[in-house]
Structures are given as C-alpha cells and as structure tokens.
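Next come the structures, one after another.
Next come two complexes built around subunit A: one with subunit B, the other with subunit C.
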Partner chain A sequence: MICRTEVCKDRKARIKQITNHPYFGFFIITFLMLIVQLLRAAGVPVSNTLVRAFGITMIYIIVALGFSILLGYAGLASLGTAGFVGIGTYILGYFTKNLEASVFIVILVSIVGAIVIGLIVGFISLRIEGMYLAIITLGLSEILNEVFKNAVSITNGTNGLGLDSQLILFKNLIFIDHNTIFIVTAIIMFFMMILTLNLIKSPTGRALLAMRNSTSAAQAMGVSILKYRLMAFIVSTVYAMLGGVIYMSYISFSIPTTWSLAFSLNILAAVIVGGSQSIYGIVLGTFMIFGLNLGVFQQFDFFKNNPAISVMFNGLLIILVIMFYPGGLIRLVTTTYYKLKKALAKLKTKWREYRYGSDN
Partner chain B sequence: MAPIINQIYANFLEKRINSAKTKTEFYDNYLPIKLQTLEEKLNRKIEIIRLKHKQKLLALEIPAGIESDYLKENYEAEIARLEEKFYWKQRVVKASAKRKGEEAATKLQELDKEKNIKASEIKNKYYPEVSTDAKSNYEINQPILIQSLNEKIDKLQDSHQEKVENFKNKTKKAVEKYQDINNNLSTKLHEITKDKVAKYSLEENVVLSLKSLSMHFGGLKAVDDLSFDVKEGEIFGLIGPNGAGKTTVFNCITRFYKPTYGDIYFKNIYGEVVYLNDKLVHNIIKEGIVRTFQNVEMVWELNVIDNLLVAAHTIYRSGFFGHLLNSRLLRQEEKVMRRKAMKILADLGISDYQYAYPYGLPYGILKKIELARTLMANPKLIILDEPAAGLNDAETADLAKVIKKIRDEYKATIFLVEHDMGLVMDICDTVCAISFGKKLAIGTPKEIQNSKVVQEAYLGGE
Partner chain C sequence: MFDTTGFWKDIFIFILVLVVVYTLLKIFVLKYFKNKDRAKSIGLNIALVIGIVYLFFRIFKVIDDNFPDFSTMFMMTNIVNQALQVSVLALATTGIVLIFKTSATTNFAQGMIATFGAFVAAKLIQYFTLNYTDLTVTNMVFLAMIGGAITAFLFGIFVDAVIIRNSKDKTPIGKQMITMGLVLVLAGAMPLIFGKILLPIPKMSYEPNIAFKLFGIDLFITVHAYYALIITVVLLVVLFSMLRFTKWGLGVRATASNELVAGMMGVNTKIITSMSWAIAGLLGAVAAVMLTPNATNVTVALMTPTQVNAFMAAILGSFSSFLGPLVATVLIPVLTGLLSLIVPLWQNAVVYLFILAIVLVKPMGLFGKKIAKKV
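Up next, the complex of A and B:
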C-alpha cells in the first residue's frame, strides 16, 4: 500500500516504530521457536525429537548468552560452563526430590550458589588471564564433574538423576507436561535476551568493553576491574545455573557425562561460530552447533549410528568460520543480506528498463 | 573510638552530599530535554488534528462549490498522479511496441482517451454541480467544525501546559529536596568537623602538589625527590629528555604506580584537599583527575559518542539492576549524557564524527576524541601524555588551540608531558624540566629556554 496522506504516513511511522524496536527481533525468534509446539497443538504430527531439539537449543541459548557476556564483552575465557550448568540441574533434582522445595526456592538457591561460585572464579581471574584462566576454570569444571560422579547421595552418581517430570510450584507435587515447560522456556529465553541486550547497551556493557580493550585505560576512566570482572563471572554463572534448572525441569534427567569438557567446548564453539558480540549471532551459533545435530542429524539413521560425524561437522564449521568470518556467522548473514539487497535493486532497474524502455 | 566513628560518619555524609549534588545537576540538565520532547509531541498531535480537520472540511466544501486552497491542492495532486500513471503506461506501450516492431500510435490514442475520461471524472469529483442545500449545510457546519478544531487544540495545549507545569514543579521539588538534604548534611558535617583542623592544606590557587616524590624500580631511581606545585587554571608542561621519568610521574599521580615515598596532594572538584596516595586507581577520576595515554586507547567496538560515555561512567547514578532492566532513570541519564557528549564534540569541532567508529579515523581526530572524552567526567585536572605525538604540524597547531580552549571554557587545569618543544613553549604557562628523575628548573617557558642547566641536559655539556 502506498501512503499519500499525512495521516496514513503517521500510522505507518508508528508501525515502523514497533518493528524497529530492538526487542521485536527477539519476539520473532521466540515465536519461531514456538512454531513447532503450535504445529503440534494444531494436530500436525511433529516428531518428539524435533520438539526436544528446539527445547534444548533454547536452554543452551540462555547458557550461551551468559557466556557471551563473559567472552565477548569482558574478554575472559572460561571452560567451566558445563560444571555450572550441572550444578543447576542437580540443585533442582535434589531440592525437589529430597527436600520437596518449590521451584522458586530452587531458583533463589541456584542464584545464590551462582553468586558464590562467580565470586570465587572472579577473584581467581583478577590474577590470571587468557589461556591460564581457561585452564583453571577447566580444572574447576572437572572437579565438579568428579563431585557429580561420586556424591551418590545427592546426584545418584553415574546412573544419573531422574525426576519423573515432577515439579513443585508452591506446595504440592505437580506433574507438568513438557509442552508447558517448552512454552515457559521460550518465554524465559525471550526475557533473558532482553536482559542481555539491556546490559550490553548500558554503561555496564560499555565499561566491560573498555576493560576488554585496555585495563589501564578503563581504570583511568573509573572502571573498577575488580567489580566488573566479578560481575561478569557472576552474571555468566547465574545464566548457566538457570539454564541447568530449566534443563532439569524439561528433560527431567541429568547424568554427569553430559557435563563434561565437551559441553563447555561446544558452548564456546557456539558463541564463536555465531559471533560473540551479537545476540542473534549466539542464537544462530547455538543452532549450528546443537540444534542441527539434535533436530536434523538425529532424524537420520546414518548419523544416529555414527555420532562422531556431527562432531566432525562442528569441527569443520569452527575451522571455516574462524578462517573466513572471524566475527562469526552473523557477519556472513548481514553481508549476504546487504548483497542480496543490492542484487535485487540491480535486478529491479534491469526489469524497469525492459518494461518501460530506456529513459531516452 | 569516637574519632574513628566520627570520621566514618563524616565520610558517609560527604558521600551523601556529593550524590545530592550530582542529583541536582542531573535534574537541571534533564529539564530542557524533557520540555523539548513534550513540545515535539504536542506539535505532531496538533498537525495531525489540523489535517483531519481539513479533510472533514473538504467533504463539506466539495458539494458546496467553495474553492479553497486545500481543495485546489488535492485536485492538482490527484491530476499529477494521473499524469504520472499514464506516462508510465505510455512508456510500457512504447517499449513493448518497439520490442515487437509494431506501431504504437493506435494504442497511445486509446490511452489518451482513457486518460481524458479519468481526468474529467476527477474534475467532476472535485467540482460537482453546486446545490443550494450543500451550500447552506456548509454555512451551518463550517463554523462548528472550526470551533471544534479550536477546542481540541486548546485542550491539547492546556494539557501540555499542565504537563509542563507538573514536570517543572516536580523538578523544582526534587531540586529543593536535594538542596535541603545538602544543607542539612553540610551543617551536620560542619558540626562534626569543626573541632578538627583540615587534615591537609594547600596554598591558595594550587591544585596539585608533589612533595619529594620518589619512585624506585629496584636500583633504578626513575623519579628522585621531585617536588613542584601546579596552579589552578594554568597549562603546566613537564619536559625532559627520553627516560627522564616524565611518564612515571604521571603514573604516580594517577595511582598506576605506588610511589616509593613522597606525598601527592590534590584539591578536588569539591574544593577539598585530598591525599592521593590513599586513593585507588579507578577512584582518581571521581576526584577530578582524568588522563590520556601516549597511544590512543579507544574502545574500538563503540562509536565515538559511546566512547565518550564510557568516561562518564562514574557520573551515572543508576546501578546494575537499573542497567539490567533499562530503568527509566537510566534512559533519562543516557539522554542527558548524550546531549553533553554532543555539546563537547561540537565544541571541539568534531561533531561530524559522532556516529563514526574510531577504527580508521585519522590520528589527529582520535587525539581530539580522547581530549573530548576527558571532558565528560567534569575534570578539574587533565593530564595529557604526549598529546602531539604522531601529529603533523597543522594538526599540532590545531591541538594547541583546542587545549587552550578547553582550559578557558571548561575551567580545567592542564598538565602535559610533551617532546614537541614548539607546542610546549607556545601554550604552557609554567614549564618544569626534569632529567634522570631530578628537577632541573621550573619557570616560565622563556626562563626555561634560557636556563643553562636545561640546555646542558638536552644538548650535553661542553
């Protein structure tokens, strides 16, 4: 529709105001995630694996968002993500099964736990940087993994802890079906995206970037390195633990082998492949690393029988992305978008020439 | 015990007073921004109401046959649109005929006919036969419409006025409240501290004072027993041959190094004398000392304005959760800060670059951006580490102008280290020459130029 009157133009400007709003993109992503569930509700036969793949990808997006604040903004590398997510799952499992505590209490406890762990790692990060920090956090994660394996009374050891899909909302045990948790997860992801965007666009995000570029310049501008390193670690750990809690309530099963080094590396890969400073990039990266394997490859028997192939695919992806798109795949998406736009404009002029004849 | 508690209480009061001061400043700065946005909103609303009114009036005017400007405008616009449409249709016909090698004349004639019919239709639509009924209807309704329009606009303006008044009152109340708090706390603070003589004192119009500052790295005496005073509002130059310890002095003042011994005193933005040796690196900026670095230290991922906002970091009142939830206070503060940043950029003549990313900008511009960044934190003392390094002559001359301008307009004292003697002698009021960490001479540029000791240090003895 072409607008000629001023009133109509005003209406159009208002619509544009909504679509240009930074949260609108997140809304679209959340909606796209929910489509599988909606299709299923409408009666279309969608396989369980696909729905589960979407659910798990959303949970991992939350974890990766926290990690991107740490890596992309604070410039600190950590390989402890797996351990932190694992703690989240076991907190929910233990508190629901043995103590019969409400989910809200579990979330509170996991946040407090995340703050404590974040403080510990943050203080370590003050003295150690770069590769060495990564190795130290890796050590922490491995210690946690051993604890998961051996603290049988809490974690049920290597057999894994199951929940029978029971949750306690306020007082009573409630059996919540996975469809509801799927939707709740999507909503939580939406809000986590908004919070992340707010944080990285705020003075805090700018201070983190300044710290990443040069610690001495950041200090000269009044940025306390201690405060912001601790903050970055705490935020990322809170995201990871929250991811763990949601994982446990959605999958209802947690086993130590999931929370090994491979998981930390995969989250790192997702953030790097997608683009460590872009929220859309992280969504894309998580899909490439986790979603493709869970949602597409697992549908075929060939990949099911040879699980190593998806790992090889991930490796190849990382090599290609780092070689050709150091800024992440999101750069590729934006550049192709602009190229496509240019090509379309060219095509349009050509078509006009054909239809209307040349101007002379 | 009592003195310690008193001291803690006094510190607490000082912090409260300072925060109250920043709050009043914030409200003062936010008022014009809010008023402007309110005004813009009102104007847009009024414009749309006027347009709607014109359209209603048009519906009355057309049957009554009254020729108004708005009617004529509409008619002409519609005719123009028709012309354009048929122009393109003609082009299509001509192009297809050319492709097929046929004659286009008959088709063009048909198109012309069609166009004439449509044009007459439009004319009939806008200038129909006049009926007396419609005329009387117009005469009755037109004044009513105009009255309703005026009423609506009046209503809007009234509500706008009300909003403005409300906001002004709110701001006034807030400012008064914080001023009251300020006064109360100040009297309390005075009561506590009246018995005590000020801990440190500086001579009048001295901003920064180094007292026998020494910095030893192992056996190397980078700075050795150095003392000098920097006066308020002057441009103070520190010169010396390579390795004389100039940058070490800077790093001692800004607390990047902890001096081996010696004291540094500074009169901060609130007029109190502080002992800088007690302060932490990132708290130096709160006292009013901002520094730049030899090699420009930008945040390369942020554009120029955001780079400036990084330096305003300590002025923000909103905390972590405010940032996380993008609170209202944060949004207001961002508006205030952005306006301030734009003003500073305009003052330094680099507002063209405000949305550019620093990566790839000329070095001279980057240096200016760094200068602009120091101004964001309301500095009292700006410390420049070799501002002219890597600049050509024209850029250096420009920089000298900018530095003088900053001193005059922002009432800041400037303390610089420089190798470019032309610049130093041109802009500095006082120059201090050091060599191997020891003071050689201090005085006006002329005196330093004629000083034998300095000449020896630079050129070597006979």
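Up next, the complex of A and C:
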C-alpha cells in the first residue's frame, strides 16, 4: 500500500488534484442523485415514489440555491419563493399547452419574466428592509397565489393545470419520459451548483457579503447597494423560475395550493437547517426537509398513514437546529469531521510510537 | 354582478393626478417650509387620506349606479357585516404587534397557537354538551373560550421560556425561524392530539339579529358578531390600559424601545417577554374561537388567512404603534368586503396591491415614524 515509486506518487498527486477540485463534490452529489435512476436502468426494482423523491429534491435544491444567495449572501429575507416557482410552472404549462411553444422559448420567457419580477422586488427591497421585506414579499406571494387561483383561462384555477407529460423541443410534439427529465435535472443542478460557487467566490459574492454585514460599511467601500440588491433578487428569481419550469416538466401538474406560504417556509427551513452559506449545507438541508420525508418516510406505511408526523419532524428539526446549531447542520458535520481527523492523527502517532518507539 | 365600467379608469386617473400634484408641490412649494421632512410626511399623509376617501367614494358611486335607491343602506350593511372579521383581525394583529415590540420578531406561529386554543375549546364544548346539558350555548362557548385562552396563554409562556430563551441564535431572523418551525410542529401535532373527528364550535348565540339605526338607516347585526365585538373591545381596552397605567405596561414600552438598556435599568425583560407571548396567545385563541363558527369546524388551517391579513394590517399601520394597526384592521376587512362587490374573487389581491403601494410610499406604515439610522 505504501507508495514508493515515482509513477505511483505521480498518480496519487493527480488523484488528489481531482478530488481537491471544488467541482468534485458537486459531481459526487449529482452522481449520488443519479444512482437511483442508474439502478432502475440496470433492472433493480426501485419504487416510483423513491425516484420521484430524488427528482423533486433536486428541483428544490436549485430553488434553495437561489434562495441562499438572497438570504445567506445578500442577507435579504424573502417569502415570495413559492409565488415565483409557481409562475415558472404556469409559464411552461400555458406555453406548451396553449401556444405550443418550444421548451427553449419557455425558458427564455421565464428568464425574462424572472428578471422583470426580480427588478420589481429588488426596487421594493431598496425601500423596505428586514422583517418588513419578508412580510411584503409574503403579500406579493399571496397576490400571485390569488392570480393562480382566479386566472382560470391560463392556470385552470383551483383544479390545477396538468400537462400530458409532453414537451415541445422543436416544432413537433415530442414525448419525453420522466427518466430523461430526471437526468437533465441532475445535469442542470450540477451546473447551477458550479454557477453558484463561481458567483459567490467572485467579487460579486464578496460585495454581497459585505452588504449583508453592514450596508453602510459596504457603501463606504464603494459597493453599490442598488446594483447588488437588484442582482441578488434577479438571480434568486431566475433560479426559482427555472426550478418551476423543471418542476412542471417533471411532475406535469401544478396546483395553486402547492405554491402557498408553507412552500416558502419549507425552502427557508431547508436553507437555514443546512447552513445558508454553504452549497453542501443547502443540499443537506433540502434533503433533510424534503428528501427524507418524500424518499424515506413515505416508504413506510406508518408514516404514509400519518403524514402529520413527518411535518412535525421537520418542525422539530428546524427548532432544534436553530436552538443548538445556528450555523446549520453542515457546521455540525464539518466540526465532527475535523474532530475525527484530529483523533485519527493522534491515534496514528500513538501507533507509530508503539511500532517504532518514540523520538525521545 | 355589478356594472363597473370606468371604475378602474377613474381610480387610475385619480392616483395619477395625486402623484402629479404631489410632485409639483414637492418641487415648487416644499422649499418655502422650514421643517422639510415634517412637511413632506404631512403632505404624504394628506395625499393618502384623500386617496382612501376617494376610493370609498368611488365604490359608493358604483353601488349607487346599480342600486340608486338603496346605495347607502347597501354599503352600510356591507360594512357592518364585517364586524366579526374586524374583531378577529384586531385581536390577532394586536398579538403580533405585542410580540414584535418585546421580542423584535414576527411571530408566524400566532395563528397556530390560536388554533391550538380553539381545538382545546372545541374539546371542552364536546365535554360540556355530553356532561352538562343544562348549560346554555352562550355560557358553554364562553367557558370553552376561557379554557382555550388559558391553554394558549400557558403555551405562549412555554414557547418563550423554554424554546426562545434557550436558543443559541437570538437574532430576529433566528427567532422568526423558530416560530416557523413551531408552525410545522403544531400543524403536525394537532391532528395527532385531537384526532380526526370534526370538532365544531357553535356560535355564541342563535338569537335573532339585533336591529339598530345608524344615520337613519336600519341595519342588522348578528348576536354572535355583536358579542365578538364587545369581547374584542373589552379585551383591547383592558390591554391598552394595562400598557398605559401598569408597571408591566411601562416595562413593555421600555423593552420595546431598547431591550438591553431596559434590562440594565432593572426591568425584568424575561417576564415582560414571556407575558407578551402569553397575552398574544390568549388574544389569538379568543379570536380563533370567535372565527370558528364561520367555518363550522376547527381545522389546522383555520387561522392562516387571518394570519396573513394580520401581518398586512401590522405593516400597513406600522409595527411601531399599537393604534395604527387597529385602524388598518378596520380598513382591510371593510375594503375587502366592498371590493368583493366590484371585483369578485380578486378582492384580496387588490387589497394587498393597495397595501403594497401604500407601504412603498410610506415604508414605515401609515402611522409609523421614520427612525433615524445610526451607523
């Protein structure tokens, strides 16, 4: 096992270079998410609900990533996420069903729409701050929910808008099965993670962080509050709407009751539980809030018959995390990791002392 | 249902005129004032009041066009019908504002704690109807309401003393997140605790409606709404006099202005905050018990719309005062009720849009004072 030759050392260095690359972790996460689908392709009987749980978790990870830029980096608490995701779903539903537009046009339209909405909310956020902003965005989300309920000609009202799981790529109707969309979602999630990482490690991310800590200090250092607030809102809204578009193409059904306050609270909870400033934390938090319930609890009849218990578990998790680990679960994970590493190193030295004798 | 041609056009033109006049005044007249900020805020207030009055006037005109003979009666009836909504909303909003003042956080669990109280009250009513058949409906609901209120009172103390006080993250957002977690916990726990049986709460009274005259118009109010209004007024008067004249009220006001300094001056801020959580729970539970007959049964989502409206009222009237939100709690249901005649189904969205617009013009709410920021 011990490496002595040059070739071996070179190989080890190269492996280390790959594993230390910042994108490697994202790749592993994407791969883990894809395992369910791969197992199914290999012939292992994986239940539909499990695959669906992973798919939904991935979509919510995308939404939560956008939200973390807003909350963790810009320090703006918004409760409008549900409304924005809802708009994304209805844009895809309406454009595909009634206008027979291509998916690419839908994505373009949703991004333009997201920019417009992000601009509006961003301008609101310039005047209103803190708790007030959370409530105002909540009001905005409620308005959107009323629109979803009452604009029957576009959203089909409270009955919900269903797609026949067909998407239009170019001109002709093309049926895409859910397995393909699952894989596409995983790839999009991978690229969204990379985008988020690059965004928060760039000068933009540092400007956002400066703004979060103190707006006055940030302004004194030459950070334009107007520019970066608007940008944070636009980015977050684009993520949310994209999440909505993918949700609609994967689930093929959208109903106003999904896009209520509870959804925004759950996304907020996912970001807070995991750790709002770490991408891995967000993945962990989203998995704890959504994935664990959908993927694990729903497999047991006990939880299936009592859906209230998993809701209670989510709530307890949020309260406990904030009470005892305000930095999020990811901090718990990293601290235990370093503690273990330290303990291992100590053990190793002890073993060496035992094996070869101590230095003195 | 109504012929509303020209309504939105008129409103839009009026708002435009208001904005243009305000801008012109700001450019040409404002410089002659000594205290510019004060003049500006007074001008804004006048503009907002004119706008709201015009809105009501225009709604009245629409009703008048459709029912020329009964227009005043129609409008007054519609306003009086909102009495129950107003009283429920007033209690819920006061609870939220009280907690915001002492704990500097928005309590998302207010509605859920209230629903918990309503569940207990409904269970009590079930018990009373089985064991004490000689109780009248009014007494029964009243006793149950007291029971539910006491439960919510204790629950409020529990939330503050056990959960929030021991939390490591004591920032406003952290506390807010705890209340959000509490929403989920209670939403999950309540069906488990109280079972899946439907739990109704009857109206406080089924006597015939009370007739009264206002400005020479015959109006009716249900006895239930009448009692609800009385209970609300009594509770709020007691609460406000407590805030004004007792040591606890002084402590609340001191804590609201600065918790740290209040603590150093010898105010027991822990008891003050616990008591405000408890009283907020009590007010919420009373509101929930009064609201339940509208939906016949207690459900988990009973108070959610009220909760959202209460936040809106608090933000419209400003969190920094107690009376401002009360004005907003009257304004919101009345406006919603009237707009439901003109834009059926869209009334909530339109009211929220109005609130959004007002808050954009005055970020601290209708009655809020601008707080100078220190760096």
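Everything that follows uses one rule, which is that the second predicted complex is superposed on the first by the 336 of 360 C-alpha atoms of A that agree within 3 Å, B and C clash if a C-alpha of one lies under 4 Å from a C-alpha of the other, contacts with A are read in each partner's own complex, and residues count from 1 in each chain.
Going forward, a contact is a pair of C-beta atoms (placed from the backbone, for glycine too) under 8 Å apart; a residue touches a chain by one contact, two chains touch by 3 or more.
Bear in mind that the values here come from a model prediction, so they are computed numbers and not experimental data.
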Message = Quick check on the superposition: with subunit A as the shared anchor, is it clash or fit for subunit B versus subunit C?
response = fit
Inquiry  = Under the stated touch criterion, which partner chain does A:305 make contact with: subunit B (first), subunit C (second), both, or neither?
reply    = neither
Query = If you stack the two complexes on chain A, which partner ends up touching A:48: first (subunit B), second (subunit C), both, or neither?
reply = neither
Message = By the touch definition at the top of the document, which applies to A:354: first (subunit B), second (subunit C), both, or neither?
response = first
First, second, both or neither for A:153, with subunit B first and subunit C second = neither
Query = Does the superposition put A:20 against subunit B (first), subunit C (second), both, or neither?
reply = neither
Ask   = Touching A:199 in the superposition: subunit B (first), subunit C (second), both, neither?
value = first
Ask   = Looking at the overlay, does A:216 come into contact with subunit B only (first), subunit C only (second), both, or neither?
value = both
Remark   = subunit A contact check, subunit B vs subunit C, more residues touched by chain C
Message = Please give the nearest C-alpha separation between subunit B and subunit C in the three-chain superposition, to the whole Å.
response = 7
Key: On subunit A, positions contacted by subunit B and by subunit C   = 214, 216-217
Request  = Write out the stretch or stretches of subunit A touching subunit B in their complex.
outcome  = 4-7, 10, 195, 198-199, 201-207, 209-210, 213-214, 216-225, 231, 277, 354-357
Key: subunit A-touching residues of subunit C, taken from the complex the two chains share   = 100, 105-106, 108, 163, 166-169, 172-174, 176-178, 180-192, 304, 308, 311-312, 314-315, 319, 345-346, 348-349, 352-353, 355-356, 359-360, 363, 373, 375
Message = Taking the touch rule as given, give the residues of subunit B at its contact with subunit A in the complex, in rising order.
response = 44, 47-48, 51-52, 55, 77, 81, 88, 91-92, 94-95, 98, 254, 256, 280-286, 290-291, 293, 297-302, 306, 309-314, 316, 318, 320, 323-326, 330, 373, 377
Request  = Sort out for me which residues of subunit A touch subunit C in the complex.
outcome  = 77, 124, 127-128, 130-132, 134-136, 138-140, 142-143, 146-147, 149-150, 214, 216-217, 261, 265, 268-269, 272, 306, 308-319, 322-326
